[in-house]
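Have a look at these structures, which come just after this line.
One chain, subunit A, appears in both complexes that follow, with subunit B as partner in the first and subunit C in the second.
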Partner chain A sequence: MTESADDVRTRPAAGDVAALTARLRADYGERVVTSHAVREQHGHGEGLADAALPDVVVFPHGNEEVAAVVRLCSATRIPVIAFGVGTSLEGHVAALYGGVCLDLSQMNRVLEINAEDLDCRAQAGVTREQLNAELKGTGLFFPIDPGANATLGGMASTRASGTNAVRYGTMRENVLGLTVVTADGRIVRTGSRARKSSAGYDLTRLYVGAEGTLGIITEVQLRLYGIPEAISAAVCQFPDLKSAVDTVIVATQLGIPVARVELLDGVQMDACIRYSRLDGFEARPTLFFEFHGTEAGVREQAQTIQSLAADHGGSAFQWASAAEDRSRLWKARHNAYYAVLALAPGRQAFATDACVPISRLTECVLETQADVATTGLVAPIVGHVGDGNFHLVILFDPGSADERARAEALARRVSLRAIAMGGTCTGEHGIGVHKLDALVAEHGDAVSLMQTIKRALDPHDIMNPGKTVPMPGRG
Partner chain B sequence: MLDPTFTTSLAALLPASSLLTATEDTRPYECDGLTLYRELPAAVVLPETEDQVVRILQLCHAARVPVVARGAGTSLSGGALPVAGGVVLSLAKFRRIVAIDALTRTAVVEPGVRNLAISDAARAYGLFYAPDPSSQIACSIGGNVAENAGGVHCLKYGLTVHNVRKVRAVLVTGEIVEFGADALDAPGYDLLALVTGSEGLLAVITRITVKLLPKPQLAQVALAAFDDVEKAGAAVGAIIGAGITPGGLEMMDQPATRAVEQFVHADYPLDAAAVLLVEADGTPEEVAAEMDEIRAVLTGSGATEIRVSESEDQRLLYWSGRKAAFPAVGRISPDYYCIDGTIPRGALPRVLTQIETWSHEYGLPCANVFHAGDGNLHPLILFDANKPGDKERTIEFGDRILELCIEVGGTVTGEHGVGIEKIRGMCVQFPPAALERFLGIKRAFDERGLLNPGKGVPTLARCAEFGAMHVHAGVLPHPELPRF
Partner chain C sequence: MAEAALAELQERVRAAAAERRPLRIRGGGTKDFYGQALAGEVLDTRSLSGIVSYEPTELVVTARAGTPLSEIEDALAARGQMLAFEPPHHGDGTTLGGVVAAGFSGPRRASAGAARDFVLGVRIVDGSGGALAFGGRVIKNVAGFDVSRLMCGALGTLGVLTEVSLKCVPRPRVETTRVIDCDAGEAIRRINEWGAKPLPISATCHYAGRLWLRLSGAAAAVQSAAGTIGGSDVGASAPWRGLRDQVHDFFRPACEGRATLWRLSVSSTAPWTDFGGDMLIEWGGALRWLIPRAPVDAAALRAWAQQHGGHATLYRGPDKSAGAFQPLSPAVLGLHQRLKAVFDPQGVLNRGRLYAGF
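Up next is the complex of A and B:
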């Protein structure tokens, strides 16, 4: 999305930016970068590649530095945008009104691991894979796994989810506390290491999912889990999409505690077979399952699911019990987005993020599939169907205005269809800039309350302006 | 006293039986479960429809009359304590279970529905509502959401905030707003989490969609005896550290088990310094495997005796002692004061030992009964309000426990809420920067500060008055505020 002419707000005055940059240089030296290449790299995430460049990129090393930069920005009303590794799919990091990009990737230390309390504290720039690597040997793991190797700060800010949400929840359930730098440049610790608290309003969950518009998350306290005694994964292929989705719905209804269940339609499966060299599978609608628990529990869950799948015409399970086979399988799932991009080099893609009550899932997926067929676009379906969340990865030719318009129209229909079915336009990717309209469609009255909260916690509208909550009369 | 025209307007809105103003009628509303504090409201209203709630709030808003929402009145922190000259808005007549959807595993209920009534209604579908405060036979789901209530099963299944999908509420201006969604996630700010646990300071809840869970096929509880409180505390950490998440993990010390035995005869070993109750639930295979692990950890932690329930009746018997612990203690002491501090599990042995030392120092017996797996303490300080000085020493003892909880990285309230009771503790736990965020949120919802004033979040001036302002790195915040 580019700036429109009727936007009241403008970029900060060049003189203010120059003065700020000089001051930042004096304080942080080479960790202040203004080269076009670096600003360009920080002006967009994944998904739609319309960059909006920040004026300057700073690489802070700690809470105090982040707070100091925010105080400087606050004084002259210059926007501040936090940046992790730039894997957002909804334009969260685009500097719509210029300003300072705070790249937190050098704040990448795991600060403490409390094995007995099953929690840890890490700086916002630690990635999910790095955290799990550092947990090796403790018998613990952190389960939230968006496709990309995102930073924990970015995951908290977008309330990310992943393939494990059915059993372990999303970031909402797994962030115990935060360190946040507020819009006036103060450092606040929310939550505590205690497992529960009813003291005060739930600031932790307010900042989780606020997409950097209320403050900047600099540290996260996370819940950890014991690696299950037994894990096994299985793949099951189906004659059509409906049979696959129905299998999931029945399993959910029976309350079988499947850890992961992922749907890939025929097109997506084809892309993954090619990209990740998955041998022995056909390009048909497919479910990936994973079961966690005791040896006995896992066996029992798997048997029940297998017979359910067979009732719906599913193939015999192909098992992946060895750790390396499992990780190859899930790697293929995590790379689904890149696999789709590889189908058509030169094209770009963006993802939809519909999430509906499980009772409407079959209907929503099938209508969406039929809708895709009418557009002539390539848009495979892949989803965390266990919690009613699925994505279309829509490919389009960036050179064709018409094709892009059709792709965007399809995405809008997907959002509105989900909302009409009692669901949401974003199960896990967030609002960013692309879904502001859908938020209003979905939340109605609550949006004005969100605006009031935004004004209360960021009165000068400098924290990631233009995102998450539409602000009337911005400027 | 209320302005007569205001009372007339209220009367015009409601049937006569829904408006109480005479002292003998309002007296039952003067306190909640925290009887240390009492205040008579100017009026009590008992609306029957959401529209009446809207109009009542509009009237109060226009006349700047404070409003305290009330469910079943079981709050342990004074959350439903009336405000002098204000209105108590009781949701007792909102008691319909609107719908149960077995496929999406949700129930839509009105706020006055009792916690246990939801599980009773869901049983036909093989489902249950997980959070189970000990008062679940009486407390209402609206109050549970307002306080973010916990319970025995929250260790495995989460608090109220994890088990609520959607809330419909009326703002103080009369506007109706829905928070959350029927789907897994709702976009934008997490207002659902903000309202959950907001203690009636942000909005009045009129409808709630809760998550239901499939009832486990089997549950078994192990009762383990320890000859030392510290060892029992360490065993809690060892269980969780072994990667086991029991359905419930509760601890009671000897003063508590003795009180309980006299009351419900739950067959607890009375010579033990502490007992742990550890529940495993799931399929029979899972329960058997988990029980083996639990037994091994308990033995390794020095348990002197381990009994595993052999029937559902026996399981319920073991739990009956835990669930009846508060009334049991109420029988052996004229008064007791329940604390709700919550700490990281690793700090349990240290904090328990310190509480025991202080108990001797103050000469006040203390029974400990609590959600050990969550690190959520409930020390019950036994005292006699009629004995001069007892109450003051009790409050001082309690404050010291809470300050210790904060010192070890915990919080002043795990599940009972701040209410009127822990306002002071809030000043210690949160620095001004955090309190200012709280106040900003309050203003965003309720600019005139009419909903449940004086509870939940202290003003900065109030903290200064208490002399309990959080002093960080030796810097006294807001030196300009007067201190008394």
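Up next is the complex of A and C:
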């Protein structure tokens, strides 16, 4: 096809899709699925789950197969949407223009574990829990733990983070290299096992977070960490939000390497107490801590934090050093989203993702709570407080257009408030399709350069079209 | 004043672009030795100087690209903070823009992360003279493509950095250096073994039969690690400052132009290999500096580095005919050319500094 990238993106011609499907069937047999149920399941992620179905779902098994499918799609400008396990929250995987969904979940082999080098290489469809299960016995672990059991390819593509970003960083810092299939179907390796990224431009960083709009990640090289000799967890409750946040600010400035610190507001704590049957806690602003290190180091960190918390009116620490107690506490945190849903059966929820400079965090959260109060909606707050990132989990009645509109308006105000405070509309979930306008509000002119990058690396606009960067003249 | 300097810089880039005339971006000019031959009229960034904001509570500093690195480091030190990647510099000349453009990191790299890991946001002037901002001042930001990190190590070929926001860290409360006598093979084995443990090792160096390890952190953790590692305390004679700024004796022949310096970036467990010359090992084994006695076969050296997961840079030397940087595969080169065309369609910025042709 000869159309240029400036052409308006439309759905591909039905004949082209039929021809492609026939060709894919011939090559991959039962790994090509067109049933409505499977297409429906691949047409949406979590969050505001408005589906847009792909025409066909393919389950590739290796780099070459992915490249071959992309080349076929490129020839007739048929969209290609990479799919991990579909836990992304901003409409990332919706097939806005139909096309081929490449479900990478069968590319699920861990290819190498280099224990001494503290790295590993895995296919994109390996999930984070699977990787950690396979690391058992090596004394190593992969720390990034978003609240869902996502694939490594999906996590790289959304630049995901978990609860311990302050200590271990996010996907951005922990992906050493990638194998990528480019929009013209070439297989490219970026980065290397060496600690410094390879010679030339840091292409790894460009594909990490590109949400499948520049290429398909087929393999990831990741940094691993030694399992700490000692781990302990503690929970501390505060009279108000500011005291909790201030405790974390002081700790950060002292350089105390807290592995995890999570903030739950009173409403969220209430939900968690009921859902996870936590005893001995009140519905007040609460910090969950975890400390990693040597026995001596952990003891020292914990003591320092405990006295800081006390200075800020915090309650006595509730400790959990035994593995079961720790995992029970953290499970309660990880299940926060489900705890919120349980508050109002029949409602749906979606999360905001603002991130602000930590000195503005208290202000931003308090303004946001006041804002929530005016809407009449229920929207508890959980925050990765160490990095200024917090989520409002907004409940709404899917049957009420008005309530959904109010919920979306609230979410938009949260994004704009964060941007106005020198922060971002998204600290970890990404842009997808729901935050395109917020991206423009945040980045202004720089968006046009991002568009140029998109055009340069995907001239036919086939890679997950309609996501991440708004393309002028397109849907 | 800063606005006027920025406007002037934009104007110069615009004029150069109109005539497709190459510009050579220069901060302190302390790195002129690095990369391919320099071409074009000098575009000095030092008129864009000064710290724009520094909020110790945030652990974030934002400064104009022409700011001397030493000025930034002094401001941080006054509040008990530092740049975790220990950027190399020399004298007062080194600028922030140069450090980020070169993507250089010092001894703490292996434990703390690289320069790019600390870049939160940048402002640039692209090859058409447009002023653009990417990223921001928060630790986590996943809004759109990660352009700010792409600038790191691009050696100014994608844009003139005009402002950079960096994450900084508190200085470690306690720092001590241990030294152990051992050969290079043994050093590589030991540091990799220790590297997998939760020890607060913040730098390593092996040279001339001795292994230095720096421990940084809280008192108790440092003390117990010193016990695990053994060796003796070296006090003030630790090599880190000299390594960082490459004024350590090892580098002297290369800095004085009497020898060639290769930088081998490899997997930390790559076996010690004798290339016939002097070698210094940093970054837990991942960075090996080589001053060969006799001219080496560049292709063979690069093949060795590649086999061990990395690449070899002809870092310093009178003869760069072998190319400063490891050649790129055709597909990767294609991506580079396309990105260069996005940012600098007329090819004015540091043309040929990274690779011939762009």
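To be clear about the criterion, the second predicted complex is superposed on the first by the 463 of 475 C-alpha atoms of A that agree within 3 Å, B and C clash if a C-alpha of one lies under 4 Å from a C-alpha of the other, contacts with A are read in each partner's own complex, and residues count from 1 in each chain.
Everything that follows uses one rule, which is that a contact is a pair of C-beta atoms (placed from the backbone, for glycine too) under 8 Å apart; a residue touches a chain by one contact, two chains touch by 3 or more.
Please read these numbers as outputs of a predicted model, since none were measured by experiment.
After overlaying the two complexes on the shared chain, residue contacts for A:Asp55 are found with neither subunit B nor subunit C. After overlaying the two complexes on the shared chain, residue contacts for A:Thr158 are found with subunit C alone; subunit B is out of touch.
After overlaying the two complexes on the shared chain, residue contacts for A:Glu403 are found with neither subunit B nor subunit C. Looking at the shared chain after the overlay, A:Glu442 reaches both subunit B and subunit C. In the superposition on chain A, A:Met450 makes contact with both subunit B and subunit C. For the contact definition in use here, the residues of subunit A common to its subunit B contact set and its subunit C contact set are 114-119, 139-140, 159, 161, 165, 169-170, 172-173, 182, 186-190, 192-203, 205-206, 208-210, 214, 226, 229, 249, 252-255, 293-294, 296-297, 300, 355-359, 387-389, 422-428, 430-431, 435, 438-439, 442-447, 449-450, 452-453, 456-457, 468-469. On subunit A, the positions that touch subunit C within their shared complex are 114-119, 139-140, 158-159, 161, 165-166, 169-170, 172-173, 182, 186-190, 192-203, 205-206, 208-210, 214, 226, 228-229, 249, 252-257, 292-294, 296-297, 299-301, 355-359, 384, 387-389, 422-431, 435, 438-439, 442-447, 449-450, 452-453, 456-457, 468-469.
Put simply, subunit A touches subunit B in their complex at residues 114-119, 139-140, 159, 161, 165, 169-170, 172-173, 182, 186-190, 192-203, 205-206, 208-210, 214, 225-227, 229, 249, 252-255, 293-297, 300, 355-359, 387-389, 418, 422-428, 430-431, 435, 438-439, 442-447, 449-450, 452-457, 468-469.
Against subunit A, in their complex, subunit B makes its touches with residues 101-105, 126, 147-148, 150, 154-155, 158-159, 161-162, 171, 175-179, 181-191, 193-194, 196-199, 202, 213-214, 237-238, 240-244, 282-283, 285-286, 288-290, 340, 342-346, 374-376, 405, 409-418, 422, 425-426, 429-431, 433-434, 437-438, 440-445, 456-457.
Listed in rising order, the residues of subunit C touching subunit A in the complex are 55-60, 103, 105, 109-110, 113-114, 116-117, 126, 130-134, 136-147, 149-150, 152-154, 158, 169-173, 192-193, 195-200, 217-221, 223-225, 265-269, 283, 286-287, 305, 308-311, 313, 325-326, 328-329, 331-332, 334-336, 338-339, 341-343, 354-355.
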